[in-house]
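Take a look at the structures below.
Heads up, the next two complexes both have subunit A, just with different partners, subunit B and then subunit C.
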Partner chain A sequence: MDFFLEQLGNGLSKGSIFALIAVGYTMVYGVIRLINFAHGEFVMVAAFAGYFCLGALPPSAMPMQGYWALGASMALATACAVLTAGVLAVAVERAAYRPIRKAGRIAALLTAIGVSLFLQNFGIQVVGASDRAFMQERQLPRRVSALSLYKPGDIPPADIYVLHEWPDAATDLEIAFRAGEAIKPEDLADLQSQGVHMVFSLCPMTDGLKRWIIISALAACCLFLHCLVRYTAFGRSMRAVSYDIEGAQFMGVNVNRVISLTFFIGAAIGGLGGVLLALFYNTLDPLMGLIPGLKAFIAAVLGGIGSVPGALLGGLLLGVVEDLVVAYGHFELGSTKFNLTTYRDAVAYTVLITILLLRPQGILGRERAQKL
Partner chain B sequence: MRFVSRFVLSLAVLAPLALDGCKKSPPAPMPAEATSGAAKQDATHVAAIKVKLGAAQPMTGNIAQYGEETTNGIKLAIKDVNARGKVLFDLKIADDKSEAIGTVNAVRKLIDIDRVNVIIGSVASTCTMAAAGHAQAARIPMMSSASTNSKVTTPVDQKGNRTQLDYVSRVCFIDEYQGKAAAIFAYQDLGSRKAAIMFDAEQDYSKGLRDVFKQVFEQMGGKVVSEESFVTGDKDFGGVLANVKRSAPDCVFLPAYYNQVGIILSQARGKGLECPFIGCDGWDNDKIFELAGKAARGCYFTTHFSPDDPDPMVQDFVKKYKEAYQRAPGALAALGYDAVLAVADACERAGSNDPTAIKNAINTIKDLKVVSGVITLDENRNPVKSVVIMKTLESSTEFLKRWTP
Partner chain C sequence: MGDKQAVEEAESTSGRDRLKRDFEILSVEKLAKSFGGLRAVSDFDLELKAGELVGLIGPNGAGKTTVFNLLTGFYKPTSGVIRFAGYDVHGMPPHRITEYGMARTFQNIRLFGDMTVEDNVKVGFHHRTCYGIADALLRRRAFRDSEAEVAQKTGELLDLFSLADKRGEPARSLPYGEQRRLEIARAMAAGPRLLLLDEPVAGMNRSESRDLMALLRRLRVEFDLTMLLIEHDIKFVMDICERIVVLDGGEIIASGSPAEICSNPAVIEAYLGSGGSTPGGGGMNASR
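Now for the complex of A and B:
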């Protein structure tokens, strides 16, 4: 049972990220019937914006302590990422999609793929192709205490490091006492003689903590989108544009503004997904948007493209199905052993194709217009 | 206004291309003093053999760090060899993008457009294997510096027939050696009886190591309690790690490349899987510590070379490398360096830049002292040499022992 819950939790957190990214696909499709293949790259750019912001203002440099510092630093990084993604999406829409909006869907699709490839290669040129760690150990939130609190013979539960100054910008962590080893009097005396007064321990980013961050981000986004689409003037115009773009224009809706804002919001939520993606796996690179982008697209289609709740459901379902295949993919039939984990994607997508064969419009998709 | 904005936009589009052009435009640097020194020698001694050397290396993509390190080693060796004046190398680098198809394109470009006499490449076994047939068909010798899968030089078809690619060789040991070393180390030195294996189903390198480790470990009396796979580029290992954890192994054998290793170790420790991981030469890069931090501590891996080796040739190489690149060389740099030394030795003995003559000389390399040991190529053009076992500390690695087959 624990094993099942662990796999389910893992699948749900992965699925939540797919869901956040899928929202951008579905919103843009709902409004202008464009499959924006550059969306995965907006996610990547956002993750990098968050990464650089976090590099400049890591939790260890915040005026608070422990996880409060993490919260403050992550909030800044997320804001930076979300804004960057939104602004980039609006710029791309203005420069690349708007001029060819009337040229047909194939032209728009190809432009989107072009933008996607451009952003990937631009990323490789600017930041290099190799993976980076989103948050390195020395940037983790810290809990500072006075050296005088430690007595010889104490056994610290976690590694204790020397704090040189506040904020400590040292590139290497200098160990004062190791976890699980009794403090030796001579080590303590040695530190005191060096003039060390303060020490700190790190607050690790556990899987559970990351999972809570992801799930609460998803819940907040759901609430935000629901209120936006149902109860605001902008939501009403978005629904109108989605229903009939020309009709909406006749009724005085500023179509260009609605489309720009849709791009902004879709990419901003995708950008949040990007930061969470980088945080969850603690890694980012210029091609990181490609596979999650594709999976999010599939999630959007599965849920019914054009439907926001559908995208959320599709993302969660995709994440869970993938992980359950890994968890229960080993079995024996007679004397032959099967291991489906290698075919994880194949099995997951077979399930999805089956669902689409039964419901071609997606789980929550509607067959006629009236999207969102 | 409209024109201006378009102009700015087109500049923004072209800027990276132009930068790229600038980076690549100067031809492979030939140290001036080396060339003039060689010219002086030309007057008195035999004319130097001019060899066009192609390098198909992963300059971008998944294992770009390896490409950079290998080409650093190659460039350093070319400087040394050219300074001796007997062989003059002209280097052409082609990016294989860390992909099989990219390697085929890179090798074809080197052969058809750059007209090289000999190729060094590539790093990943999957890549080298994809391109080996093309080099063989074009009769251009191709020496891999770091592809360790045994099928690189002797591909096996589905019926189990071995083909000898006599133009394809290497300077690194093969996976049979390091897989065996890892299994014996796990069983005898670590005392593990239950091992889990996590491998990359897309990499021939990883699958080959899995087979050898499993065979040797089970022969000794150990048990492989779980076998999990992932694919190159995966970021999420939560599912497979939960499976590994459930099988409660004493150690986990993880034949994979450093960037995935870093991510896997950090996720594994986050899930409370605390047993040591054992890796292979794909681990040999400090990026592991950047990605995994302290989570990388207490693991072991097999590799080709350690900069701590007191051997004078190694220390001389480490000193030169540090002067040129301001950091210590990894195994890939040493192997790139060695590949050039091996090719240079072959060219000298062949006495010409004819690809077939070079091939014949490469295939008879015997007792050649290079940085990563003393190599003699066997009948499958695989060197016979020893394996180094390293241990990971907080943010660095430590030389543990040397294992000879």
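Now for the complex of A and C:
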């Protein structure tokens, strides 16, 4: 049971990230019927924006301690990522999609693929192709305390490091006392003689913590989107444009503005997904948007493309199915051993294709009569 | 209604002009539109004085809907001048022209079928709500006041159009006649000074169309509206319009009072030529 819950939690957090990315696909498709294949790259750019912001303002540089510092630093990085993705998406829409909006869907699709390749290669040019760790150990939030609190013979539960100055941007962590070892009087005296007054321990980023961050981010976004779409003038305009883009203009709806805002919000939420993706796997590179982007697209189709709740549901479902296939992929039937783990994607997608065969419009999608 | 206020916000001078009768709200000169080689509209002149109710009739394919699409900015004219409320609206996008006070309905109903009756009307208020997403997120005063006002005015319009008890239903589930009424209610939400109605009674029975006629007359007085309406139901046009313009093959072939139009040989010829009955006969074939 514990194993099952563990897997479910893992699947849900991966699924939440797919869901956040899928929202952008589905919103943009909803208003202009474009599958924006560059969306995965918006996610990637956002992750890098978050990464650089985190590098400049790591938790260790925040004026607070412990997980508060992590929260503050992550909030700044996320804001930076979200804004970058939103602005990039608006710029791409303005420069690449709007001029060819009336040229047909194939032209738009090819443009989107072009933008996607451009951003990938631009990313490789600028930051290099190799992958990086999203958050290094030295950036982890710190819990600072005075050296004088430690007595010889104490056994610290975690490694204790020397704090030279505040904020401390030293590349290497200088260890003062090791976790689980009794503090030797001579080490203490040594540090005191070096003029060290403050020390700190790190607050680790556990998988459980990451999971909570991710799932609560998804919940917050669901609430935000629901209220936005249901109760605001922008939401009504978006629904109107989505239903009848030409007709909406005659009601005074500025269609271009609605489209720009839709791109902004979709990419911003995808950008949040990007930061969480980088945090979850603690890695990022210029091609990181490709596979999650593709999976989010599948999630959007699964949920019913054009439907925001559908995208959220599709993402969660995809994450959970993938994960459970891995977790329960080994079993024995009679004397034969089966191992489906290596066929993870094949099995997961068979499930999804089955759902789509039963409901071609997606789980929450509407069948839309083709307008003549 | 707050449309006076909206007008003042948009442009104060013409807001005052509007109150003067005989103010020319719409003036169209030598308007022409071709699609490839097809001249859908040519040499079209029209002047509407504030408060007038004018009918635009003509056989199928005469170019009536095309005229509406030109006036509302959906098509760019091939040539010609359109002045609306003193502004040259040539080349403006439809939503801007709507802001200046022109609203329309469609020959084939074009409601937002998924959305509720109430939300359809609220979309019409779009350009009169002015709050940002941040305001909405933080539930700031601008958002709350604006939404409360929109809700109240929507309620008033729905009452006026006897749709209040259907407010929560998706627009597509309404019966045909109510969908037509809802389209007009939605157009009214934009606070228009000129309302363009494309076959408002098409597909309605006699009593429904009589009710709609009464409603249009009432709107005209209460909202100080100017109306231009396309209709195949000649009896309806003759009853409600003060002036009629007849279009055939994209050109105006006659214009004048209902009585003049009835006896105009060119008009009779156009209708007989296209296989319909005479305008005075009242039974022109509707397009559906």
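Here, the second predicted complex is superposed on the first by the 368 of 372 C-alpha atoms of A that agree within 3 Å, B and C clash if a C-alpha of one lies under 4 Å from a C-alpha of the other, contacts with A are read in each partner's own complex, and residues count from 1 in each chain.
Assume a residue touches a chain if its C-beta (ideal position, glycine included) is under 8 Å from a C-beta of that chain, and two chains touch if they have at least 3 such contacts.
What you see is a predicted model, and the numbers here were worked out from it, not measured in a lab.
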item	value
Clash or fit (per the criteria above) of subunit B with subunit C on subunit A	fit
Subunit A residues touched - subunit C or subunit B, whichever exceeds	B
Touched partner set for A:K14, first subunit B, second subunit C, both or neither	first
Contacts of A:Q192 with subunit B and subunit C, given as first, second, both or neither	neither
Subunit B versus subunit C as contact partner of A:V253, first or second or both or neither	second
After fitting on chain A: smallest Cα gap, subunit B-subunit C, Å	19
Shared contact residues on subunit A - subunit B and subunit C	none
Residues of subunit A touching subunit C in the complex	224, 227-228, 231-234, 236-237, 239-240, 243-244, 246-255, 261, 265, 366
Partner subunit A, residues of subunit B touching it in the complex	9, 13, 16, 19-20, 60-61, 64-65, 201, 227-231, 233, 235-236, 238-240, 242-243, 246, 259, 262-263, 266-267, 270-271, 287, 290-294, 394-395
Residues on subunit C engaged by subunit A in the complex (per definition of touch)	72, 74, 93-95, 98-99, 103-104, 106, 110, 112-115, 119, 122-129, 131, 133, 136-137, 143, 146-147, 150, 186-187, 189-190
Subunit A residues within the subunit B interface of the complex	3, 6-7, 10-11, 13-14, 95, 118, 121-122, 124-126, 128-133, 136-137, 159, 172, 175, 204-207, 277, 281-283, 287-288, 291, 322-323, 326-327, 330, 339, 341-342, 344-345
